[in-house]
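Labels run A, B, C and D following the written order; every chain starts at residue 1.
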Amino acid sequence: MESLSEPIRRPLTLDVSGLPSVAFGHRNTTWLANLFYMTIEGMMFALMFASYFYLRTRSTNWPPGHLPPALTFGVLNAVVFLLSVIPACRVKKVAPSGDRRAVTNGLLALALFALATTALRVFEFGALNCRWSDDAYSSTVWVLIGMHSGHLITELIETLVLLAISFTPKMEGTRLADAAINSDYWYFVVVTGLIVDLLIYGTTRFL
Amino acid sequence: MKPALKFIPWRFLVQAMSLDPGHHHVLHPAAPQAGNIEWLYWVIFGVLTAVFVLMIAGFTWAGAKTGVAASHPLPIMEDKEGDHRARWVVGLAMGVTVVTLFVILVISVVTGKRIHGPTSKNPVTIQVTARQWWWEITYPNPQADQTITTANEIHVPVGAPIVVLTNSKDVIHSFWAPSITGKRDLIPGYSSAFWFQVDQPGTYHGQCAEFCGLQHAHMGFSVVAEPVDQFQAWQQQQLKAAAEPSTSEAVRGRDVFLTHACLMCHTIRGTDAGSHVGPDLTHIAGRNMIAAETLPNTAGALAGWIVDPQRIKPGTRMSPNPLAPDDLQALIVYLRSLQ
Amino acid sequence: MPVAEPVIANDQDTGQSELARRLASTWRQPRGFWGWFCNTHHTDIGIRFIVTSFIFLLLGGVLAAMIRLQLVRPENSLMGPDLYNQVFTMHGSSMIFLFAVPMMFQGFGVYIVPLMCGARNIAFPRLNAFSYYLYVGGALVLWGGFLTNTGPDVGWFAYVPLSGPAYSPGHRADIWSQMITFTEVSALGVAICLATTILRHRAPGMTLNRMPMLLWEKLVISIAVIFAMPAVMIASGLLLLDRLIGTHFFNPAEGGDALLYQHLFWFFGHPEVYIIFLPGAAIVSTLVECFSRRRIFGYTPIVISVVATGFIGFSVWVHHMFATGLPQLSESFFTAASLMIVIPTGTQFFCWMATIWHGRLQLRLPMLWCFGFFFTFLIGGLSGVMLASVPVDLQVHDTYFVVAHFHYVLIGGALFPMFAGLYFWFPKIAGRMLNDRLGAWHFWLFFIGFNLTFFTLHFLGLRGMPRRVYTYGPDMHWQGLNVLASIGVVFMTAGFLVFLVNVLRSLRMGKIAGNNPWGDAGLEWAMSSPPPPYNFLHLPTVSSRDPLWEDPPDQPVVVGLRDDIRETLVTHSLDAEPQHKDEDPGPSIWPFLTALTVSAAFVGSIFTPWAVPVGAPPVIVTLIGWLWPRGQSPTPRPSGEQWSR
Amino acid sequence: MAKHFYFALLLVIAVLLVSCKREERILRQPPPANDILNTIQISGLNPGANSIPTPPNSNMYQESAYAVAEGQKLYEEYNCVGCHAHGGGGIGPALMDRDWIYGSEAGNIFSTIMQGRPNGMPSFRNRIPEYQAWEIAAYVRSLAGLLPKGVSPNRTDQMNIKPAESSTPEQTPSGITGIPGQHQ
């Protein structure tokens, strides 16, 4: 306490000038924020899944008075999801090396995949065999797939923006780290997408 | 807030402090369930009061013991062996806390079992259907003509188990008569059942306890506990159709009833009025209160209610009926003849 | 490493040195009208959160006074049911969503946490500013609705089906559920900022077990927010869908379920209680340590209990639904869980008591409020133990007993610590002390009024007075107690007036505070008050839990951060080792513009589903504007710099 | 003092001006206007039905979502469903289409309810209070999507048998209305 009252000279310092100004992976603060963000979104999905099963207990047959959603586009989309992991993985791998060309190509491929899944998703909506205002089952199905489509579009736009940046000299340092983080988020979208598919196409048939 | 001071009626303050033997009081049980809960309440209350006194004493003592009056920050101190002793004391306190909590858990679960407990044989079954903002009471019976339908006033025999089947027509309501037992929510889409039993004859007030819209405040009911013979007499009376009007004025009253808005919502068994939107009025004169326990069942209150219910209960589903004075008079006479 | 020219320590920052001048110009926030909307410094945003939420505390208090005035007479004609239902709904919603969380979590957190961490600014300052504007948006939506006769009238919990399309015509309930979306997004944004700041921007040497208690609790709360808030957003979102496009989530006739809403709502609603209470506990821990003039007793047990509270808080939500008639087994389980919460809370109380017991208590004004907290929160906590027991709860649930209980918990656990914190940190915020005598008047008026009002309500509950009734019959014998309760409001109002006078007076003629008027140990007292825009002349390092008390006079400070750009230091989450340097994005108008577009989309979706497709493009545009890399960055780096992988 | 009073007055007026009719909960009904029935003609007997001035207080009910919701409840409770179903019609004519035998204005529907019509529509004069008839009339208009979306009811808590009134496209009433009886 007393030490505060009179001025003191500090002979010792901690010099951080040599530290790097860019970090990849878990050391990056944006990576941490992205983790929290995925936790929030994951929580929302988890609660919707819970509500889905809760409502399922409230009706005897499932789906009640509907055909289950048609498989074609759903399965197709699931396959595209799985394949799309490859370019995401690639971007994540090459970003730290600072190889801008490779990153650009990876982002391009990822954007194409994102476009493909979004397009397929449009057809999926057509194949649901129900309308959200029919009954609780239909509402849940629509909200589940709608929520995920929202993430899909967000991710598509984010990838496109990063792609646009990667054609400018600004794709450097922290931006490369962002590109890598974008891949993490894509993994999240893929995983949730697969679970949603499992619920919509799977449980309606085998539950 | 100035106006509040103007309102203070001091006698009410005196009355407030006195424990009135109300029939709408958690701590004045008239039934085994409420009795058990009251016992549990006082036990927990005693334990917690002791805890509270000890804690406050501890904080006060600590403050008084070590308090220093100084306006400038004092130097930092250390008290190693004091901390060592404190470690034991705090540990002990935690142990006591855990034990206390465990005791409370046990007695509360045991009491819970006793309340829910298995209902004894041949109970009286009552179907309570909550509406915005009144209670439809039916005594179901295999033969339709043996089924009693009334509203807001539940008659039960003293000392017999009563099974209540609950159901809601619109939003969530909650059935609560504090002197008899705890509350139970009535949730649309769920039909549940619970039981109670009243030991002392009397009329016990109850009220909706879950916010249910504009007239949540005026959604009361009453439980009339009476000896078995009286209860059976009441049942026989309720099974009868409506009394035929005896006087000419009563006859005219019935015509008023059947030619005005009344018959759009109400039932009087034995007449053309058979709608189930509002309460069944076949034996309205037999009830103590009207408008979901809001008004006494007197000629004046009845008239006021019929002419302008929206003044008494804004938002209620009952429509105003600007009747000609003599029509109104006749209608009142007729309704009050429906014993 | 020793260097030639020894630098001047932070506590000697007079703002005169050359370095101070350079930092000040680098970290300067823009001024003027537009500058106000561009500001991203955590102290400014934190003050805005505190002031705004305090305004809504006052408004909510006015509503409460109206309620007490209405209930002062049986069959009172002051308010009809229509207005009364709006008023008590507005009171609850404002106090919980517009005051309690924004003040206790966002306000104090945003202002103090970076200072305590020894950081130059909060992590993601733009997200932080965005959260503030969104919070204001939600507040305006709710109160705008109320002033246009569109105030929600379905209770702050908005149970279906009463709040559903069939029984709430018009847009009143929609206003409520969109206000939820606004405020929860805001809270989530701040939670991300605070958690990241605490994990990544702590001063070198501030390892996890050297973190001040307040940082621990803010960290736990941020994580609790991240897990709890989505539940209420789902609940209100599904409600909005039911009302707007006719989905059937809560329609029993079509396989929906009314209890699903209650589960979702209370899965958020109970953790919310701890999200409101733990910041209070954090403040109390800080103050007890400071005013007992000693290290807090039982640092580790307190940390463990805080974390435990955060966890158990998620397993007790069903005790709000005992009256719905659940199976007995689950009732017993949730009773046990609810009782278990007492253990960590009790631990904290005992540790505080022991700290005072073996310390040297200075009963300064903030500490007085802490004693008020001990008294009131203890009553609330103990009556909470009663409510945990199912049979008792079945009797007093949804009565004024419960009203009394949670006002003791929330006012005791949030409002008393809030005033303690305001009296404690006001010198840091404003640079001047608050007046002690007026403060004492404020305390006693409020303390007496509070207990008069809310202790009385216990009896009303036992006498069977249900909640949310706009009036009661004269034959119920409830008037006397209601009058007593209403008289208490007069005292509380007087107390608030005294406080406002005190603040306005002290802002102009209060005693100059100096760096560290209370002689506290936290880093937030190491710089001048109010803090300069760069917070620390040199980022500090730490070698103990109570740096300003126990660190040696020659404790090293950080050098080597550039002062021509807003460079910040990122340290390791666990041992706070310096890892790399980061750059603060600096002031920007985009967060405000984004908040505008997002608000437009939210408000529009009250009226038509088309607001989503139509409202999305502007949001995307503003977001791109926000995130698009600016000219000055990336900064030129030393060639051949190693990037940490 | 006086200044404060005027300020408060202005504030109140301002709030009242902006406050929404849509959200009005009409709990106290205005006294019934006895001559209303005589001011209304039956549109079936003279073309240009829509030009008939409807009594002023009908708007009060058509602009309040609460009143329309009340009308919806009464439509069920007074068993209009029995003949007109949920707008699809049956024994009585459909109410969700473009054809209005006796006019589509609230005033016309009001008088149809009150006076009754040939071939089965009974008269509810004295049975249904006037304000309730206005509420039902407002709701009936919403069946054909003739009310603003913000006022029309959304889905009910019953079985989902028809799209909600708020999502029914507006069925512009055909100018020339049919002849009584043709629809039976």
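Convention: a residue touches a chain if its C-beta (ideal position, glycine included) is under 8 Å from a C-beta of that chain, and two chains touch if they have at least 3 such contacts.
Since this is a predicted model, take the numbers as computed values, not measurements.
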Chain whose averaged C-alpha position falls nearest the assembly-wide average: C
Chain whose average C-alpha position is farthest from chain B's own: A
Between chain A and chain C, centroid-to-centroid distance (C-alpha), Å: 29
Rounded Å distance, chain B centre to chain C centre (Cα mean): 37
Computed distance of Cα centres, chain D from chain C, in Å: 48
For chain A, residues that touch 2 or more chains besides their own: 1, 133-135
Where chain C touches two or more other chains at once, by residue number: 80, 82, 161, 166-167, 245-246, 248, 251-254, 256-257, 516, 519, 549
Chain D residues counted as touching two or more neighbouring chains: 25, 27, 155, 157, 160, 163-164, 167
Chain C to chain A touching residues, read off their complex: 1-3, 6-9, 11-12, 123-124, 127, 188, 191-192, 195-196, 199-200, 204, 226-227, 229-231, 233-234, 238, 241, 245-249, 251-252, 254-257, 260, 263-264, 267, 515-516, 519, 538, 541, 548-549, 553-561, 567, 569-570, 578-583, 620, 624, 627-629, 633-635, 637, 641-645
Complex interface listing, chain D residues touching chain A: 155, 160, 163-164, 167
Of chain A, residues touching chain D in the complex: 133-135
Interfacial residue positions of chain B with respect to chain C in the complex: 1, 3-5, 7-9, 12-17, 20, 22, 24-27, 34, 36-37, 40-41, 44-45, 48, 51-52, 55-56, 58-59, 62-63, 65-79, 82-83, 86-87, 89-90, 93-94, 97-98, 101, 104-105, 108-109, 111-113, 115-116, 132, 170-172, 174, 176, 178, 181-185, 187-190, 192, 194, 205, 207-217, 294, 314-315
Of all residues in chain C, those that touch chain B in their complex: 65, 68-69, 72-73, 80-82, 85, 154-155, 159, 161-162, 166-167, 252-253, 256-259, 292-295, 297-298, 301, 323-325, 328, 331-332, 335-336, 339-340, 342-343, 346-347, 349-351, 353-354, 356-364, 371, 374-375, 378-379, 382-383, 385-386, 388-399, 459, 461-464, 466-473, 476-477, 479-481, 483-484, 486-487, 489-490, 493, 516-519, 546, 549-550
